[in-house]
Amino acid sequence: VLDITHQVPPGDIRRGAAVLAVTAPQLPPAVHLAVVDPGVGTRRRAVALAAGESLLVGPDNGLLVPAAEALGGIRGAVHLSTQLHSPPIGAASASATFDGRDLFAPAAALLATGTALARAGQPVDPGSLVRLPERVLRLGDGVCWTEVVDVDRFGNCALSMAAADLDRIGASRGSVVTAELPDGSLAELTFLRTFADAGQQEPLIYLDSTGRPAIAVNCGSAARRLHLAEGDVVVLRCAPLAAR
Amino acid sequence: VLDITHQVPPGDIRRGAAVLAVTAPQLPPAVHLAVVDPGVGTRRRAVALAAGESLLVGPDNGLLVPAAEALGGIRGAVHLSTQLHSPPIGAASASATFDGRDLFAPAAALLATGTALARAGQPVDPGSLVRLPERVLRLGDGVCWTEVVDVDRFGNCALSMAAADLDRIGASRGSVVTAELPDGSLAELTFLRTFADAGQQEPLIYLDSTGRPAIAVNCGSAARRLHLAEGDVVVLRCAPLAAR
Amino acid sequence: VLDITHQVPPGDIRRGAAVLAVTAPQLPPAVHLAVVDPGVGTRRRAVALAAGESLLVGPDNGLLVPAAEALGGIRGAVHLSTQLHSPPIGAASASATFDGRDLFAPAAALLATGTALARAGQPVDPGSLVRLPERVLRLGDGVCWTEVVDVDRFGNCALSMAAADLDRIGASRGSVVTAELPDGSLAELTFLRTFADAGQQEPLIYLDSTGRPAIAVNCGSAARRLHLAEGDVVVLRCAPLAAR
């Protein structure tokens, strides 16, 4: 049993999904248990997915799908049987607010000890699984509208674009990219290889450890410095401010 | 060795006791080591308790007793011998400020590897153990004075009352309960099954995963929204505000 | 595999070095992997050090040296080979911003499974390793200038002085030591054995669990109460305020 993290902010499905999607593919085949579950106790489904050689267990709220795709795509899915619901020791029935303890962990343990996925519940059409909304990504003539998809504990802001999209707006290593921020202000980001290639407290755009563009501040927090949060839309143009 | 949590706020004996009391009964028989110890280095006793098939090791400041009761009651107790005090490697003597390292962890390791409780120290009368003060719980005619006994990392506020006490003030699922808060303000709490049965950011009262009443805010923090902290007294009446 | 902590603040090399230096000597011989790495992706070296019977793996930015000294001194050092750089699964090349995943953890795993240090990279002169700047410590006639070297999660402030330096300014258990703080204010600290020997919320100076002087506030945070941060210089005199 490995604890990957207990630091996902309460209820932040997007952050949980992002951490799971970058972590699971780097681990050996496993049963991955993930619980960020603001809809606990409602009719949202509890599911287990097969993806690659791994299984993913958690709520059907979008949390698991990006990891399943990063593991090679969904090979199968079940709606976990309510018969798996175990009341906590000393209680007559399972709680309405802690499926992590009463359903997901017992189901993950069953699967990890060899129970077949098909025996854990009824099959589910993968197409019916809840997916997180599509992120904003629009490319125009030398301009890109992109969304902050994840903010990590350093304050680095991952974007909903691919490395190739930086090419498409004409940015290459060393270019200055101007970012129009949600508060209407503008920031100059140099496209650099790593944090310390920027001056202290200077903002940069770089390819993060997943290979995708992200915004950082060297020795600081881009989220705090540029007032960015997950879900914000940023407009990028490959030109210094003076050229506008 | 399982790490349950390192997130109890510094010195918060009540929170440590609450986490331990809900966690220990759900785990297999074990030696539970718990250290929230603002009195470290003073004459407060260091103890080990037998409860159910488990042992509990820590300071005699109230931290262990609720868990021991949840495990079935205290079967025996010892005052840990000062001969168990191990100086850290490279030091001549144990510190006055880190019994977690110098006394409790070595004692727990000894007990976990088979040393009998009786050999870890002198017997202690369980009745002499420090207990946390009783919580406020007073029932009147359709009214209940109750205390916030625990605030978790989601901001959910557990109360010093039983599910049956909600019945006693006339509340059933769907009832509106008015809460008089410590700052004099009033809040309407609907008695619901789970968080998401309330509207986003709406407060509710519900039975938490231990089966006891608690106050929450759906997708938010009741502690922040209602300015509640552990130890606060809340007055509950089963009536909407308009009925007052 | 033991996780010591994931709570070092982002980029705080000093705090990482302090935690590692007090922890590593208390553990059995091991490969200690430590990554606080604001210079990731630049030409700062990645190193592994032999110290005592342990190995230390991480960036050459001062993080590892205090622990190596606490383990008995550096017996050998290598600059980790770039051939150890492993791209993450699914990527063509290692990232420029996550050597923890792509270089340090794989190198630590290699060393932990028996690869000789000499095969992990080119030898490095220990004298060439980056060291954290010396801390302020100046002793005058009954006065000591000392620096806050570490602030822990309780807000206790460790100082760059030895227990003997308190003797040198004339302080013994029970003495009142006046501290001139960076903001120009003065605080009276009683030299006590442990936190709870002071009144609630009262400041004290004591020998911490490493045996060195530190400033605390009983049941509170010295860092917050006295506005102290790592790197601050404090001037200590063995005299109550009234004697000035």
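The letters A, B and C name the chains in turn, as written, and every chain counts its residues from 1.
The criterion applied here is as follows: a residue touches a chain if its C-beta (ideal position, glycine included) is under 8 Å from a C-beta of that chain, and two chains touch if they have at least 3 such contacts.
A quick note: this is a predicted structure, and the numbers were derived from the prediction, not measured.
K.L.:
If each hop has to land on a touching chain, what is the smallest number of hops from chain A to chain C?
P.N.:
Step count on the best path from chain A to chain C: 1.
K.L.:
Have a look at where chain A meets chain B and say same if over half of the interface residue numbers show up on both copies, different if under half do.
P.N.:
Here the answer is different, because the shared fraction of interface numbers falls below one half.
K.L.:
Quote the value, from 0 to 180 degrees and to the nearest 5, of the angle by which the CA atoms of chain B must be rotated to coincide with those of chain C.
P.N.:
Nearest-5 rotation angle for the superposition: 120 degrees.
K.L.:
Distance-wise, how many Å sit between the C-alpha centres of chain A and chain B, to the nearest whole number?
P.N.:
Whole-Å distance between the two chain centres: 33.
K.L.:
Going by the contact rule already set, what residues in chain C reach two or more other chains?
P.N.:
Within chain C, residues 3 contact more than one other chain.
K.L.:
Could you list, by residue number, the parts of chain B that touch chain A in their complex?
P.N.:
Spelled out, the residues of chain B in touch with chain A are 3, 5, 7, 25-26, 70, 153-155, 193-197, 206-211, 218-219, 221.
K.L.:
Given the complex with chain B, which residues does chain A contribute to the contact?
P.N.:
Residues of chain A touching chain B: 3, 6, 10-11, 38-42, 44, 88-91, 95-98, 101-102.
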